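What follows is a short report on a single structure.
In this document, chain identifiers A, B, C and D correspond to the written order of the chains, with residue numbering beginning at 1 in each.
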Amino acid sequence: MPMKTPDEYLGSLRRMKPRVFVQGQKVENYVDHPLLRPAINTLALTYAMAQDPQYRELMTATSNLTGEVINRFNHLYLGPDDLVKKLNMVRTCAQKALCILRCMGGEALNGMALGTYAIDQKHGTDYHQRFLKFARFFQDNDLICAQALTDVKGDRSLRPYQQADPDLFLRVVERRKDGIVVRGAKDHISAAVGSHYIFAMPSRALTEKDRDYAVAFVVPVDVKGLTHIVNTTLKSAEHQGDHPVSSKYSTVESLLIFDDVFVPWEHVFMCGEWDAMEPMLFSFATTHRHSRCACSAGVTDLLTGGASLIARYNGIEKASHVREKLTELSTISETYYSCGLAASIFATKTASGYYAPNMLYANVGKTWTAKLFHDSTRMVQEIAGGLIDTVPSVSDCENPELSSAIDKYLKGRADVPTDERLKVFRMLQDMTTFGTVCYWSTISATGAGSLQGAKIMVARETDFAAKERMVKELGDMPA
Amino acid sequence: MPMKTPDEYLGSLRRMKPRVFVQGQKVENYVDHPLLRPAINTLALTYAMAQDPQYRELMTATSNLTGEVINRFNHLYLGPDDLVKKLNMVRTCAQKALCILRCMGGEALNGMALGTYAIDQKHGTDYHQRFLKFARFFQDNDLICAQALTDVKGDRSLRPYQQADPDLFLRVVERRKDGIVVRGAKDHISAAVGSHYIFAMPSRALTEKDRDYAVAFVVPVDVKGLTHIVNTTLKSAEHQGDHPVSSKYSTVESLLIFDDVFVPWEHVFMCGEWDAMEPMLFSFATTHRHSRCACSAGVTDLLTGGASLIARYNGIEKASHVREKLTELSTISETYYSCGLAASIFATKTASGYYAPNMLYANVGKTWTAKLFHDSTRMVQEIAGGLIDTVPSVSDCENPELSSAIDKYLKGRADVPTDERLKVFRMLQDMTTFGTVCYWSTISATGAGSLQGAKIMVARETDFAAKERMVKELGDMPA
Amino acid sequence: MPMKTPDEYLGSLRRMKPRVFVQGQKVENYVDHPLLRPAINTLALTYAMAQDPQYRELMTATSNLTGEVINRFNHLYLGPDDLVKKLNMVRTCAQKALCILRCMGGEALNGMALGTYAIDQKHGTDYHQRFLKFARFFQDNDLICAQALTDVKGDRSLRPYQQADPDLFLRVVERRKDGIVVRGAKDHISAAVGSHYIFAMPSRALTEKDRDYAVAFVVPVDVKGLTHIVNTTLKSAEHQGDHPVSSKYSTVESLLIFDDVFVPWEHVFMCGEWDAMEPMLFSFATTHRHSRCACSAGVTDLLTGGASLIARYNGIEKASHVREKLTELSTISETYYSCGLAASIFATKTASGYYAPNMLYANVGKTWTAKLFHDSTRMVQEIAGGLIDTVPSVSDCENPELSSAIDKYLKGRADVPTDERLKVFRMLQDMTTFGTVCYWSTISATGAGSLQGAKIMVARETDFAAKERMVKELGDMPA
Amino acid sequence: MPMKTPDEYLGSLRRMKPRVFVQGQKVENYVDHPLLRPAINTLALTYAMAQDPQYRELMTATSNLTGEVINRFNHLYLGPDDLVKKLNMVRTCAQKALCILRCMGGEALNGMALGTYAIDQKHGTDYHQRFLKFARFFQDNDLICAQALTDVKGDRSLRPYQQADPDLFLRVVERRKDGIVVRGAKDHISAAVGSHYIFAMPSRALTEKDRDYAVAFVVPVDVKGLTHIVNTTLKSAEHQGDHPVSSKYSTVESLLIFDDVFVPWEHVFMCGEWDAMEPMLFSFATTHRHSRCACSAGVTDLLTGGASLIARYNGIEKASHVREKLTELSTISETYYSCGLAASIFATKTASGYYAPNMLYANVGKTWTAKLFHDSTRMVQEIAGGLIDTVPSVSDCENPELSSAIDKYLKGRADVPTDERLKVFRMLQDMTTFGTVCYWSTISATGAGSLQGAKIMVARETDFAAKERMVKELGDMPA
């Protein structure tokens, strides 16, 4: 089946009826809701770019399952080259729309592909074939899925089975002949609105006592019993002109409540195999951090471009401290990207034949994105100056009592129209202080797993013993 | 005259009729406007605390001009001890309401006190007596003034007289027998709404050709010809519960348009003395940076407290990386404060008899506030985790279709009510990603002058020659 | 008794016969040993400065015990002012000779003063009077003592009583009628060579089972049974001209072996009171970190001066990145100093009547000295360039076959003699890469306790509960 | 001709008679001089590894000029893969011997290969063929060359032709029929001792007036008129056991004086073409920074291994701050390497057909090596603790009066022999405070060009205009 056009994508969403709440209101037409549409626009961009000759090579791949040309976001990684291309695709998309929202689906697909294989190897199950059947359908129909990973977790010092309320991690509450019933909640689920399906998998290592929590499956976004409580980076439908970035392209995150949701066996990809799920989880986490190296680079490219523009509009583009900061921003982008590249080049071939990004380099890259994003916004704000905070609203500019005064007094360099200058201030505000950064600064600190989580993986993947041996060899010491 | 109660303060505001625009709308009752009131609440807090026995000593001083007990924000600095007390007052206020908004008035008063004296010494003028007369009136009536420093500046690579439009820096357009007429605009003027008067002074060093720009004066906030185009950290009157901090205490900043405003001579404190204004400007800038050392410490205290609370509510308060970050936040607060303390202890006595904070230490402190604030928010976000971004709205929580699910699933430690936990997330969101941080991160980067400006002052105030001599002495080299 | 002249000090050392080993050789005349003399010169400078009218006020104080004018290094702190003056004294000394080596003595005296008082309060002992008697003698004779704190510690994961060898922490092996016998080793003991006495106290918190390790006392440096195994920053007696700083003023550190050393009761200030020693230890550690704020500032002043000089000699003093780095170096110095100042101003009055620096601020300052020193040397090296590593030796310059070529080719700015330029390179090399930095970079990282230790104290001294209350108050939440 | 064995390499050095001075003494047998031999050992290791089956593939390549297997250090880069292999070779060598010293030769060869081609294209000269002839001879004989880049430079604010002394940059003083005569000095020339040839090229961009300074050539190390004034990281032939790293493998740097040295035309590769030398210079600089990404990774691997070892020997390997630092060290290594990898993968194919590393990524990597090295040594010192500074000398340990006390008291974990623990301390001292770090910290700050130079190249190679366009596109603004 050919890839969808953006319109076909919107049409496919309209045919679904998820139970969605935004700011306390139940939403009937979620596709056209002013707070949700910018996120759907972002996702639609991935369909448009796949049709665009300029981006077609970057945005598409040939499926190993179907032999058809598919959107690259839905592709399984068959080698380092696929990972390099995914990296470049994500960076390019982020340069256009910041968080492109579709990464997690492909990451879940890849995690499932190698993860179901690993479970089957240990337990003799047939999850891998089930999954491949679903994957073919998914690629064929050019669908989007969200990845429901993070449980609500309750008291972080307790394991799932130790919680006062057993539902604080998603779990199987009933095993039936035709499928399973699950209960619990997943939080911060990006693009659950805008997707066709939701992949769920556990968010942490489990023990034998946590067996019921070891469950992975896929459900349609409008499955019975599923409720979406939604947050968006755009917070108000009013004054959208003051938020030129997030009213155009935005993110959307859901608290998903699974109130005894039924999943037929054909869509269950793990159920109880708590001791075999590491490959699935690690693959997903690593692949997501691999994407983060690219999207953070793309977002930093935008910050750099905006800072460079506003420096010129203000007449300070030659100041040495401005040059220094622009250079540092560029250094930061390329550092993220370099780590992502290394994670691609040194990808691991798993038993399933599918590749996962190198865990060490993906986590090194994620570490930097968490450490340097806030400082990047600081540099952009220093270059822009106070108007990034106090730029007059579009309503001010449109009020005839004020417009000429604003036009006169907020002019920067004489050859740049005031409204163009103010637009860039609003964009930088949107990207570094408002809507967008709320999301970006937080996901830089906590998304794709926490900084601390990335550090733990760096430690795990570093061969300290080998490095100790180097020292002993240099010191002519016994091994 | 006794100090005003908060109600008397509100009453005094109601008697003024400034021309105020918010989000493109002209505001008639600015005191009760939902977007402006939180800032007025902040200012009212300074009146309430001065009446409160717990804070009276901290918040009041005895005027050297009138012999009366006055609000310490309106006090002139007679020695290091006054600066230490101001520092402690500002930190305490910031611990209650973040930016307390009233600092700039006192800083302007002090800058005028020593600045007019310096001009008189050089030019034989009588500005100092004029100023003292106004200051007595001001202290007597327990008033607030805003400080209008920053010009809109146009092309930053050009001096005022070189700009394509001569009005891009505030200037005297007419000198009359009874006073002067000024034209121009001042931007990012905090608490212009909520003040009784506005002090204006130049924002940069001037040359002889810029003589008309060398003007300092005071005008009532509702003087004829003055328009306020206002920004607030609280952006919407709706959903205030989602912004528990900024809907209670907020900041407010104005773009002030001076459309041929008349100022009688008794309120003019400089007019043309371009070569004698350095003390006034430096004093104001230094004193503001001195305050910044305190308010940044207070705000970081709040961030630390919030991070400490949420760590306990999440059950991670004993994790080593959490302890490490909480410790670093405390280190940061006390570093700001230590620099402010040094700037107080080593205050400079000026020719006027009034003291200014030490320029080196005030700028060292300001440098750190600009460098470390963004990283502080990063650490808070890392400790809090993703809910700082995606906490459900109050409307969600109040919807009976959702409330029990939210209460069940967003519980952290079993003994902490969910709504209390969510409240702290909303507060931290408000302080590190939304309304408040928009203001804080930007003023940390650019307020009280830029980081680059602070560095220039550090360089200027460092005696590099003395340090070179130390090296030569240690090296037994000729001096 | 009047304070000693430098010559009298040297004479007093010659009358002592400590058992000293340097680089495997037993040293008979330690005062004139080429590797030890630079450290003794450093200590002698404290005697010379006390006699010098320019520094007398800074360097002396009036003893509360004897009423005589004494060297300020031997003074007990009677209030914040004493701590401010100590801070200024240490910074000034460091600007002349880097580590001045005499701080630890005064810090031990002060720790003993309040620590013995605290033990007596708890245990009804009479250590405080014993100590005051010794202190009077010590001040009267203008003596120097070293502070033996750090035990060799064996396996850091075990307590003293758990070690495979019980002697890995210094302990009492015999209690006799006339005194005690101690065994063990103390490491990294600065200025043990050059002192008259050595104060010993435990280096960590102890439990009841560690009772024999709870011992504090003073012994002469040449007491029977004590061996000094010595390290110096100057590593070779040859080519001293290549090390112009460390061959003039150096440090010296000893591994002290206590091989069953007898201590008469009058010199024992704690013996077994493991549960009452915290004030003594904390006071010493805090006071030492207080000094570190000052000496690190002074050393950074020297680095700044050297970098400023060499920038001018190279013709790059106006490059923006050079100005930026010099400014940052100045910022760093004054930050250390500000924290030390805050620790002085907010000093704690103990039950004994003596003051200790504020623990929070002293540890905040120490944290920065550990974090920023290495980066400071980086900036100095960047400004200086490659000759800081490869400056020709004095022997090269003195060889007639080479001297004219060196003079011709290593000339920088035409008006600066080549040999003067090379001298500054050698000094900076000595201070940032060689002898001196070996000591400075290590003590910045580990001296005055580790960075980690300082952080633990910052956490301990921060009132997190108070900061949590601020947040609850702002959020109108129940306390 | 087959590659040389280490012995053949030593033999080839013995046949040369360079004029070498060390610490003011003329050296006759430079191969066996105790201060020079460790550097020659380092170079010899590159011959040994090329013979070793374990490393042969890594260390050798097939020459495109001769078709023979050659040492990879002498290979011309024919594609990204050659650059990846060079990167891996350099990291592996650095893990064995720190600075491997042979990189600069290959970098000069590659710079000459594409640089002579570029000059010929512009000027119609035949330098490229001359160079290829020399390159064949060089590869055939498995030779080493040093790269003489950095001029002594005099006053850095002046161009070569503006200097008071025209010889402060190397220049042509005579053009003869058979060749040219050059005069001047090159400084910090690594491995000039130990090489067979020296390549010289200009160290900065030139103008038409600097025409005589635009000269590139090769000369034997013992050419008439050339003097080496040498520095080594090992500073003394005594107490080599105290410097276990630098007495085994060391670096060596020379101030080279060219006192009217004659160069025949066949060895001249540029003479006057000041306007065509950018490719040669940029290629060399970029290629050297590419190597720096690898060697800094390898050295940091050693620091990490040493810190990991000593943490275990001290019993603190499980402390959270130790894990955190070890993780950060690993992150740092892999970041350097990732940037080097990106510079390899995105290598530029030049007109000559030869490849140069990508300038952007090589300079991003160099930036990090300059920024993070000093902090890395800080972390190692924090983990190791004070003994890294005060470890007793080997002479102390060998003195029978001291050895048993040292063995007893400096024991760490009970199952690790004291002498093994002390050896690791000495190695870490050698690598982070002494000899080696003098070199490493300085070259991290200034080698491979300065940090500032790297930043300038990052700025130059960043397409800010493209990033500005992304912002305009996102903002729907006119291009």
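Keep in mind that, in the parts below, a residue touches a chain if its C-beta (ideal position, glycine included) is under 8 Å from a C-beta of that chain, and two chains touch if they have at least 3 such contacts.
Since this is a predicted model, take the numbers as computed values, not measurements.
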| item | value |
| --- | --- |
| Far-end chain from subunit D, centres as C-alpha averages | B |
| Centre-to-centre distance between subunit D and subunit B (centres being mean Cα positions), rounded to whole Å | 52 |
| Separation of subunit B from subunit C, taking each centre as the mean of its C-alpha atoms, in whole Å | 41 |
| Euclidean distance of C-alpha centroids - subunit A vs subunit B, Å | 38 |
| Multi-chain contact residues (two or more partners), subunit C | 321, 324 |
| Arrangement of touching chains [line / ring / star / complete / other] | complete |
| Residues of subunit A touching subunit C in the complex | 320-321, 324 |
| Partner subunit A, residues of subunit D touching it in the complex | 95-97, 244-245, 248-249, 301-302, 304-306, 308-309, 323-324, 326-328, 330-331, 334-335, 337-339, 341-342, 345, 360-361, 364-365, 367-368, 420, 423-424, 427, 455-456, 458-459, 462, 464, 466-477 |
| Residues of subunit A defined as touching subunit B within the complex | 21, 23-26, 150, 152, 154-158, 164-165, 167-168, 184-185, 187-188, 227, 229, 231, 235-236, 238-239, 253, 255, 257, 259, 314-316, 318-319, 321, 370-371, 373-375, 377-378, 381-382, 384-399, 401-402, 405-406, 408-414, 429, 432-434, 437-439, 441-447, 450-452 |
